[in-house]
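Okay, so chain A shows up in both of these, paired with chain B first and chain C after.
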Partner chain A sequence: MFPDLPQKPPRTLRYVEKAFDLVKSKKHVRDVVILNESGHPVMSTMDREDAVQFSGPFQAIRGRLERGMSKIDPTDELLMLRIRTRTNEVLLVPDSKITLLVVQNAHDYFEK
Partner chain B sequence: MASNTVQMTFDRLVQLPGVTGAILIDGNGVPVRTNLPANVARIYADRMRPLVILARSMVQDLENGDELSYVRLRTRRQETMVATENEHTIILIQDNRVLDESWRSSVASRRASAL
Partner chain C sequence: MSKIYLKAMEDVVQRNTDNTNRITEQAQGFVVSENAGDSLLHTSFDLTTAQSIVKHLHASFLKLAQSCVRDLDTDDKLCFLRVKTRKHEFLVSPEEAFTVTVVL
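Coming up: the complex of A and B.
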(Lines of atoms letter the chains of each structure in order from A and count residues from 1; the text may use other names and numbers.)
(Lines give C-alpha, C1' and ligand atoms only; values in the text may rest on other atoms or scores of the structure.)
Protein backbone atom coordinates (compact mmCIF):
# COMPACT_ATOMS: atom_id res chain seq x y z
CA MET A 1 0.00 0.00 0.00
CA PHE A 2 2.86 2.38 0.72
CA PRO A 3 4.96 3.68 -2.18
CA ASP A 4 8.13 2.52 -0.44
CA LEU A 5 7.37 -1.06 -1.41
CA PRO A 6 9.36 -2.32 -4.40
CA GLN A 7 6.44 -3.11 -6.69
CA LYS A 8 3.03 -1.46 -6.65
CA PRO A 9 0.18 -3.62 -7.93
CA PRO A 10 -2.18 -1.90 -10.38
CA ARG A 11 -5.36 -0.54 -8.81
CA THR A 12 -7.71 -2.98 -10.47
CA LEU A 13 -11.20 -3.66 -9.23
CA ARG A 14 -9.95 -6.91 -7.75
CA TYR A 15 -7.29 -5.04 -5.79
CA VAL A 16 -9.85 -2.56 -4.51
CA GLU A 17 -12.20 -5.31 -3.37
CA LYS A 18 -9.36 -7.16 -1.68
CA ALA A 19 -8.15 -4.03 0.12
CA PHE A 20 -11.70 -3.28 1.20
CA ASP A 21 -12.25 -6.76 2.67
CA LEU A 22 -8.83 -6.79 4.30
CA VAL A 23 -9.28 -3.47 6.09
CA LYS A 24 -12.86 -4.22 7.04
CA SER A 25 -11.84 -7.42 8.81
CA LYS A 26 -9.40 -5.67 11.15
CA LYS A 27 -10.22 -5.47 14.83
CA HIS A 28 -11.70 -2.15 16.02
CA VAL A 29 -12.57 -1.04 12.47
CA ARG A 30 -16.13 0.20 12.20
CA ASP A 31 -16.43 1.77 8.75
CA VAL A 32 -14.48 1.72 5.50
CA VAL A 33 -15.01 3.96 2.50
CA ILE A 34 -13.06 3.79 -0.75
CA LEU A 35 -13.12 6.81 -3.04
CA ASN A 36 -12.15 6.97 -6.69
CA GLU A 37 -10.07 9.67 -8.37
CA SER A 38 -12.99 12.08 -8.51
CA GLY A 39 -13.67 11.68 -4.82
CA HIS A 40 -16.81 9.61 -5.23
CA PRO A 41 -17.32 6.62 -2.93
CA VAL A 42 -17.11 3.42 -4.95
CA MET A 43 -17.16 0.99 -2.02
CA SER A 44 -18.43 1.57 1.47
CA THR A 45 -19.76 -0.03 4.61
CA MET A 46 -22.00 3.01 5.03
CA ASP A 47 -24.96 3.63 2.79
CA ARG A 48 -24.31 5.89 -0.17
CA GLU A 49 -25.65 9.14 1.24
CA ASP A 50 -23.72 8.77 4.47
CA ALA A 51 -20.54 7.90 2.58
CA VAL A 52 -20.82 10.97 0.36
CA GLN A 53 -21.49 13.23 3.31
CA PHE A 54 -18.70 11.67 5.35
CA SER A 55 -16.00 11.85 2.70
CA GLY A 56 -16.60 15.49 1.71
CA PRO A 57 -14.87 17.10 4.71
CA PHE A 58 -11.92 14.75 4.38
CA GLN A 59 -11.29 15.76 0.81
CA ALA A 60 -11.29 19.38 1.98
CA ILE A 61 -8.85 18.70 4.77
CA ARG A 62 -6.63 16.68 2.47
CA GLY A 63 -6.46 19.55 0.00
CA ARG A 64 -5.58 21.96 2.78
CA LEU A 65 -2.95 19.57 4.06
CA GLU A 66 -1.29 19.02 0.73
CA ARG A 67 -1.07 22.77 0.14
CA GLY A 68 0.53 23.16 3.55
CA MET A 69 2.98 20.35 2.93
CA SER A 70 4.09 21.78 -0.39
CA LYS A 71 5.27 24.85 1.50
CA ILE A 72 7.17 22.85 4.09
CA ASP A 73 8.82 20.37 1.74
CA PRO A 74 7.76 20.31 -1.92
CA THR A 75 9.45 16.96 -2.56
CA ASP A 76 7.62 15.09 0.18
CA GLU A 77 4.44 13.12 -0.33
CA LEU A 78 1.48 12.37 1.93
CA LEU A 79 1.14 8.71 2.83
CA MET A 80 -1.44 8.75 5.61
CA LEU A 81 -3.49 11.21 7.58
CA ARG A 82 -4.78 10.22 11.01
CA ILE A 83 -7.33 12.27 12.89
CA ARG A 84 -7.87 11.20 16.45
CA THR A 85 -10.73 12.32 18.64
CA ARG A 86 -11.63 11.19 22.12
CA THR A 87 -13.60 8.19 20.94
CA ASN A 88 -12.91 7.81 17.22
CA GLU A 89 -9.97 7.57 14.92
CA VAL A 90 -10.16 8.26 11.20
CA LEU A 91 -7.45 7.30 8.75
CA LEU A 92 -7.14 8.72 5.26
CA VAL A 93 -4.75 6.88 2.97
CA PRO A 94 -4.18 8.19 -0.56
CA ASP A 95 -3.23 5.19 -2.66
CA SER A 96 -2.57 5.87 -6.33
CA LYS A 97 -5.99 6.33 -7.90
CA ILE A 98 -8.05 5.48 -4.85
CA THR A 99 -8.35 6.90 -1.36
CA LEU A 100 -9.17 4.84 1.70
CA LEU A 101 -11.08 6.21 4.64
CA VAL A 102 -11.19 4.06 7.77
CA VAL A 103 -13.10 4.77 10.97
CA GLN A 104 -12.07 2.82 14.02
CA ASN A 105 -12.36 2.98 17.78
CA ALA A 106 -9.68 5.07 19.43
CA HIS A 107 -7.13 2.72 20.95
CA ASP A 108 -3.65 3.43 22.29
CA TYR A 109 -1.25 0.62 21.53
CA PHE A 110 1.37 1.98 23.88
CA GLU A 111 -0.78 1.59 26.96
CA LYS A 112 0.66 -0.68 29.61
CA MET B 1 0.51 26.33 36.46
CA ALA B 2 -1.15 25.22 33.24
CA SER B 3 1.72 26.73 31.31
CA ASN B 4 4.22 24.80 33.42
CA THR B 5 2.37 21.57 32.72
CA VAL B 6 2.57 22.22 29.00
CA GLN B 7 6.28 22.97 29.26
CA MET B 8 6.89 19.74 31.16
CA THR B 9 4.91 17.78 28.60
CA PHE B 10 6.96 19.37 25.87
CA ASP B 11 10.23 18.44 27.58
CA ARG B 12 9.09 14.82 27.88
CA LEU B 13 7.97 14.63 24.27
CA VAL B 14 11.28 15.86 22.91
CA GLN B 15 12.93 12.77 24.39
CA LEU B 16 10.70 10.26 22.60
CA PRO B 17 12.49 7.98 20.12
CA GLY B 18 12.96 9.33 16.65
CA VAL B 19 11.96 12.91 17.40
CA THR B 20 13.74 15.15 14.93
CA GLY B 21 11.85 18.33 15.75
CA ALA B 22 9.40 19.71 18.27
CA ILE B 23 7.54 23.00 18.45
CA LEU B 24 5.37 24.43 21.21
CA ILE B 25 2.87 27.01 20.01
CA ASP B 26 0.78 29.31 22.17
CA GLY B 27 -2.80 30.44 21.58
CA ASN B 28 -1.76 33.20 19.20
CA GLY B 29 0.05 30.86 16.86
CA VAL B 30 3.49 31.99 17.96
CA PRO B 31 6.15 29.31 18.53
CA VAL B 32 7.36 29.73 22.11
CA ARG B 33 9.68 26.74 22.36
CA THR B 34 11.39 24.65 19.73
CA ASN B 35 14.53 22.73 18.95
CA LEU B 36 14.33 23.71 15.29
CA PRO B 37 15.58 26.92 13.68
CA ALA B 38 13.13 29.75 14.26
CA ASN B 39 12.18 30.19 10.61
CA VAL B 40 11.49 26.47 10.17
CA ALA B 41 9.36 26.42 13.31
CA ARG B 42 7.42 29.42 12.03
CA ILE B 43 6.70 27.70 8.71
CA TYR B 44 5.38 24.60 10.46
CA ALA B 45 3.29 26.64 12.87
CA ASP B 46 1.73 28.66 10.07
CA ARG B 47 0.93 25.63 7.93
CA MET B 48 -0.39 23.33 10.64
CA ARG B 49 -2.65 25.83 12.36
CA PRO B 50 -5.33 26.01 9.62
CA LEU B 51 -5.21 22.23 9.36
CA VAL B 52 -6.00 21.83 13.04
CA ILE B 53 -8.75 24.44 12.90
CA LEU B 54 -10.31 22.65 9.93
CA ALA B 55 -9.97 19.25 11.61
CA ARG B 56 -11.55 20.49 14.82
CA SER B 57 -14.58 21.96 13.06
CA MET B 58 -14.91 18.82 10.95
CA VAL B 59 -14.91 16.59 14.02
CA GLN B 60 -17.66 18.67 15.57
CA ASP B 61 -19.70 18.50 12.35
CA LEU B 62 -19.40 14.75 12.07
CA GLU B 63 -20.26 13.90 15.64
CA ASN B 64 -21.53 16.23 18.33
CA GLY B 65 -19.75 16.07 21.64
CA ASP B 66 -16.58 14.54 20.27
CA GLU B 67 -13.32 16.41 20.62
CA LEU B 68 -10.17 16.47 18.55
CA SER B 69 -7.16 14.90 20.27
CA TYR B 70 -4.47 15.04 17.63
CA VAL B 71 -3.73 14.88 13.93
CA ARG B 72 -0.94 12.77 12.50
CA LEU B 73 0.37 13.11 8.98
CA ARG B 74 2.65 10.46 7.68
CA THR B 75 4.69 11.42 4.65
CA ARG B 76 7.38 9.59 2.81
CA ARG B 77 10.10 11.12 4.92
CA GLN B 78 8.69 11.78 8.34
CA GLU B 79 5.65 11.68 10.57
CA THR B 80 4.25 14.89 12.00
CA MET B 81 1.95 14.89 15.01
CA VAL B 82 -0.06 17.98 15.83
CA ALA B 83 -1.62 17.78 19.28
CA THR B 84 -3.82 20.54 20.59
CA GLU B 85 -5.01 21.04 24.15
CA ASN B 86 -6.69 24.17 25.50
CA GLU B 87 -4.82 27.00 23.86
CA HIS B 88 -1.50 25.31 23.27
CA THR B 89 -0.44 23.23 20.31
CA ILE B 90 2.51 20.86 20.14
CA ILE B 91 3.98 19.78 16.83
CA LEU B 92 6.20 16.73 16.91
CA ILE B 93 8.23 15.58 13.92
CA GLN B 94 9.40 11.99 14.00
CA ASP B 95 11.46 9.79 11.74
CA ASN B 96 9.41 7.05 10.07
CA ARG B 97 11.85 4.21 10.52
CA VAL B 98 12.52 4.83 14.21
CA LEU B 99 8.79 5.17 14.83
CA ASP B 100 8.05 1.88 13.09
CA GLU B 101 10.79 0.10 14.99
CA SER B 102 9.55 1.29 18.37
CA TRP B 103 6.03 0.28 17.44
CA ARG B 104 7.19 -3.19 16.43
CA SER B 105 9.21 -3.69 19.59
CA SER B 106 6.22 -2.53 21.62
CA VAL B 107 4.02 -5.12 19.93
CA ALA B 108 6.65 -7.82 20.42
CA SER B 109 7.04 -7.09 24.13
CA ARG B 110 3.28 -7.11 24.61
CA ARG B 111 3.11 -10.54 23.03
CA ALA B 112 5.98 -11.77 25.19
CA SER B 113 4.27 -10.61 28.38
CA ALA B 114 1.03 -12.26 27.29
CA LEU B 115 2.67 -15.71 27.19
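Coming up: the complex of A and C.
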Protein backbone atom coordinates (compact mmCIF):
# COMPACT_ATOMS: atom_id res chain seq x y z
CA MET A 1 0.00 0.00 0.00
CA PHE A 2 2.65 2.47 1.02
CA PRO A 3 5.63 3.10 -1.25
CA ASP A 4 8.90 1.87 0.17
CA LEU A 5 10.73 4.64 1.95
CA PRO A 6 14.50 4.68 1.59
CA GLN A 7 15.83 2.48 4.37
CA LYS A 8 18.44 4.09 6.58
CA PRO A 9 20.97 1.76 8.18
CA PRO A 10 20.33 0.94 11.84
CA ARG A 11 22.38 2.77 14.45
CA THR A 12 23.59 0.13 16.84
CA LEU A 13 25.53 0.86 19.97
CA ARG A 14 28.71 -0.45 18.38
CA TYR A 15 28.26 1.93 15.46
CA VAL A 16 27.82 4.84 17.84
CA GLU A 17 30.91 3.90 19.83
CA LYS A 18 32.91 3.48 16.64
CA ALA A 19 31.81 6.86 15.30
CA PHE A 20 32.60 8.47 18.64
CA ASP A 21 36.13 7.05 18.77
CA LEU A 22 36.76 7.86 15.12
CA VAL A 23 35.77 11.52 15.47
CA LYS A 24 37.53 11.91 18.80
CA SER A 25 40.84 10.74 17.34
CA LYS A 26 40.88 13.43 14.66
CA LYS A 27 43.41 16.21 14.94
CA HIS A 28 42.15 19.59 16.17
CA VAL A 29 38.97 18.05 17.61
CA ARG A 30 38.39 19.33 21.11
CA ASP A 31 35.05 17.90 22.18
CA VAL A 32 32.52 15.42 20.83
CA VAL A 33 28.92 15.00 21.94
CA ILE A 34 26.52 12.41 20.55
CA LEU A 35 22.81 12.94 21.14
CA ASN A 36 20.04 10.40 20.75
CA GLU A 37 16.65 10.94 19.12
CA SER A 38 15.27 12.74 22.14
CA GLY A 39 18.18 15.14 22.23
CA HIS A 40 19.86 13.68 25.29
CA PRO A 41 23.64 13.30 25.27
CA VAL A 42 24.52 9.61 25.29
CA MET A 43 28.26 9.94 24.70
CA SER A 44 30.42 12.92 25.39
CA THR A 45 33.94 14.02 26.16
CA MET A 46 32.50 16.74 28.39
CA ASP A 47 30.98 16.38 31.82
CA ARG A 48 27.33 15.41 31.76
CA GLU A 49 26.12 18.83 32.92
CA ASP A 50 28.36 20.59 30.41
CA ALA A 51 27.14 18.33 27.61
CA VAL A 52 23.49 19.00 28.43
CA GLN A 53 24.13 22.73 28.68
CA PHE A 54 26.07 22.74 25.42
CA SER A 55 23.71 20.64 23.31
CA GLY A 56 20.51 22.48 24.26
CA PRO A 57 21.13 25.64 22.22
CA PHE A 58 22.28 23.64 19.22
CA GLN A 59 19.12 21.56 19.23
CA ALA A 60 17.17 24.83 19.18
CA ILE A 61 19.32 26.12 16.32
CA ARG A 62 18.76 22.93 14.38
CA GLY A 63 15.00 23.05 14.87
CA ARG A 64 14.79 26.65 13.73
CA LEU A 65 16.99 25.94 10.72
CA GLU A 66 15.00 22.91 9.60
CA ARG A 67 11.74 24.86 9.81
CA GLY A 68 13.31 27.64 7.75
CA MET A 69 14.63 25.18 5.19
CA SER A 70 11.20 23.63 4.76
CA LYS A 71 9.91 27.10 3.87
CA ILE A 72 12.68 27.90 1.42
CA ASP A 73 12.64 24.50 -0.32
CA PRO A 74 10.25 21.83 1.02
CA THR A 75 12.11 18.98 -0.67
CA ASP A 76 15.49 19.85 0.84
CA GLU A 77 17.07 18.18 3.85
CA LEU A 78 19.71 19.37 6.31
CA LEU A 79 23.00 17.48 6.08
CA MET A 80 25.50 19.50 8.09
CA LEU A 81 25.68 22.76 9.98
CA ARG A 82 28.97 24.49 10.64
CA ILE A 83 29.18 27.45 13.01
CA ARG A 84 32.40 29.41 13.14
CA THR A 85 32.80 31.52 16.22
CA ARG A 86 35.72 33.64 17.27
CA THR A 87 37.44 30.92 19.26
CA ASN A 88 36.33 27.60 17.78
CA GLU A 89 34.19 25.85 15.20
CA VAL A 90 31.15 23.69 15.93
CA LEU A 91 29.84 21.09 13.52
CA LEU A 92 26.35 19.64 13.85
CA VAL A 93 25.66 16.54 11.77
CA PRO A 94 22.20 14.96 11.98
CA ASP A 95 22.46 11.24 11.35
CA SER A 96 19.71 8.65 11.16
CA LYS A 97 18.90 8.44 14.86
CA ILE A 98 21.79 10.32 16.43
CA THR A 99 23.10 13.86 16.20
CA LEU A 100 26.81 14.49 16.23
CA LEU A 101 28.22 17.67 17.74
CA VAL A 102 31.93 18.36 17.26
CA VAL A 103 33.90 21.28 18.66
CA GLN A 104 37.23 21.80 16.95
CA ASN A 105 39.88 24.44 16.53
CA ALA A 106 39.19 26.49 13.45
CA HIS A 107 41.50 26.11 10.48
CA ASP A 108 40.88 29.59 9.12
CA TYR A 109 41.57 32.95 10.65
CA PHE A 110 39.08 35.72 11.39
CA GLU A 111 40.35 39.09 12.50
CA LYS A 112 37.34 40.02 14.62
CA MET B 1 14.94 54.95 3.75
CA SER B 2 16.21 58.41 3.09
CA LYS B 3 17.44 59.38 -0.34
CA ILE B 4 20.96 59.95 0.93
CA TYR B 5 21.04 56.44 2.37
CA LEU B 6 19.77 54.89 -0.85
CA LYS B 7 22.34 56.85 -2.81
CA ALA B 8 25.11 55.57 -0.52
CA MET B 9 23.88 52.01 -0.98
CA GLU B 10 23.94 52.38 -4.76
CA ASP B 11 27.52 53.65 -4.54
CA VAL B 12 28.56 50.62 -2.49
CA VAL B 13 26.87 48.26 -4.95
CA GLN B 14 28.61 49.97 -7.86
CA ARG B 15 32.01 49.75 -6.23
CA ASN B 16 31.59 46.04 -5.50
CA THR B 17 30.42 44.98 -8.94
CA ASP B 18 33.65 43.08 -9.56
CA ASN B 19 33.25 41.14 -6.33
CA THR B 20 29.65 40.24 -6.99
CA ASN B 21 30.50 39.15 -10.52
CA ARG B 22 33.18 36.84 -9.16
CA ILE B 23 30.69 35.37 -6.70
CA THR B 24 28.07 34.67 -9.33
CA GLU B 25 30.65 32.94 -11.54
CA GLN B 26 31.21 30.19 -8.97
CA ALA B 27 27.95 30.11 -7.02
CA GLN B 28 24.24 29.97 -7.68
CA GLY B 29 23.84 33.46 -6.32
CA PHE B 30 24.07 35.77 -3.35
CA VAL B 31 21.82 37.82 -1.12
CA VAL B 32 22.79 40.93 0.83
CA SER B 33 20.47 42.23 3.52
CA GLU B 34 20.61 45.02 6.03
CA ASN B 35 20.80 44.04 9.69
CA ALA B 36 18.76 46.83 11.22
CA GLY B 37 15.50 46.25 9.41
CA ASP B 38 16.21 42.89 7.78
CA SER B 39 15.47 44.41 4.41
CA LEU B 40 16.81 43.12 1.12
CA LEU B 41 19.57 45.29 -0.32
CA HIS B 42 21.14 43.46 -3.23
CA THR B 43 20.74 40.04 -4.77
CA SER B 44 21.29 38.02 -7.90
CA PHE B 45 18.22 35.85 -7.32
CA ASP B 46 14.63 36.63 -8.13
CA LEU B 47 12.77 38.58 -5.50
CA THR B 48 10.76 35.67 -4.09
CA THR B 49 13.78 33.49 -3.46
CA ALA B 50 15.79 36.35 -2.01
CA GLN B 51 12.99 37.42 0.32
CA SER B 52 12.60 33.84 1.48
CA ILE B 53 16.30 33.57 2.30
CA VAL B 54 16.29 36.91 4.10
CA LYS B 55 13.21 36.01 6.12
CA HIS B 56 14.12 32.49 7.19
CA LEU B 57 17.90 32.52 7.13
CA HIS B 58 18.89 36.05 8.12
CA ALA B 59 16.04 37.26 10.28
CA SER B 60 15.15 34.02 12.04
CA PHE B 61 17.90 31.43 12.02
CA LEU B 62 20.94 33.70 12.12
CA LYS B 63 19.61 35.72 15.04
CA LEU B 64 18.97 32.55 17.03
CA ALA B 65 22.41 31.17 16.23
CA GLN B 66 24.06 34.40 17.31
CA SER B 67 22.18 34.48 20.60
CA CYS B 68 22.97 30.81 21.28
CA VAL B 69 26.68 31.39 20.73
CA ARG B 70 26.54 34.30 23.13
CA ASP B 71 24.63 32.17 25.65
CA LEU B 72 27.32 29.51 25.65
CA ASP B 73 30.20 31.97 26.02
CA THR B 74 29.63 35.67 26.54
CA ASP B 75 33.06 36.53 25.11
CA ASP B 76 32.48 34.57 21.93
CA LYS B 77 30.93 35.85 18.73
CA LEU B 78 29.53 34.21 15.63
CA CYS B 79 31.77 34.89 12.61
CA PHE B 80 30.57 32.57 9.86
CA LEU B 81 27.92 29.97 9.14
CA ARG B 82 27.78 27.12 6.67
CA VAL B 83 24.53 25.25 6.15
CA LYS B 84 24.88 22.21 3.93
CA THR B 85 21.66 20.64 2.70
CA ARG B 86 21.03 17.95 0.15
CA LYS B 87 20.65 20.39 -2.73
CA HIS B 88 22.44 23.59 -1.74
CA GLU B 89 25.00 25.02 0.60
CA PHE B 90 24.41 28.39 2.25
CA LEU B 91 27.40 30.42 3.37
CA VAL B 92 26.23 33.15 5.74
CA SER B 93 28.59 35.93 6.74
CA PRO B 94 27.18 38.40 9.26
CA GLU B 95 28.92 41.75 9.30
CA GLU B 96 28.30 44.81 11.41
CA ALA B 97 25.63 46.39 9.24
CA PHE B 98 25.00 43.79 6.53
CA THR B 99 24.63 40.06 6.15
CA VAL B 100 25.86 38.31 3.02
CA THR B 101 24.66 34.85 2.03
CA VAL B 102 26.21 32.96 -0.87
CA VAL B 103 24.38 29.90 -2.15
CA LEU B 104 26.54 27.20 -3.71
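By our rule, the second predicted complex is superposed on the first by the 99 of 112 C-alpha atoms of A that agree within 3 Å, B and C clash if a C-alpha of one lies under 4 Å from a C-alpha of the other, contacts with A are read in each partner's own complex, and residues count from 1 in each chain.
Here is the rule we use: a residue touches a chain if its C-beta (ideal position, glycine included) is under 8 Å from a C-beta of that chain, and two chains touch if they have at least 3 such contacts.
No experiment lies behind these values; they were computed from the predicted model shown.
Of the two partner chains, chain B and chain C are each touched by A:R84. When the shared chain is aligned, chain B and chain C each come close enough to touch A:I72. Of the two partner chains placed by the overlay, chain B and chain C both lie in contact with A:I61.
Residues 54, 57-58, 60-61, 64-65, 68-69, 71-73, 76-87, 110 of chain A contact both chain B in one complex and chain C in the other. Of all residues in chain A, only 3-4, 54, 57-58, 60-61, 64-65, 68-69, 71-73, 76-88, 106, 109-110 touch chain B in the complex they form.
Of all residues in chain B, those touching chain A in their complex are 43-44, 47-48, 50-51, 54-55, 58-59, 61-63, 66-78, 103, 106-107.
Of all residues in chain C, those touching chain A in their complex are 49, 52-53, 55-57, 60-61, 64-65, 68-69, 71-73, 75-88. Only residues 53-54, 57-58, 60-61, 64-65, 67-69, 71-73, 75-87, 110, 112 of chain A touch chain C when the two sit together in their complex.
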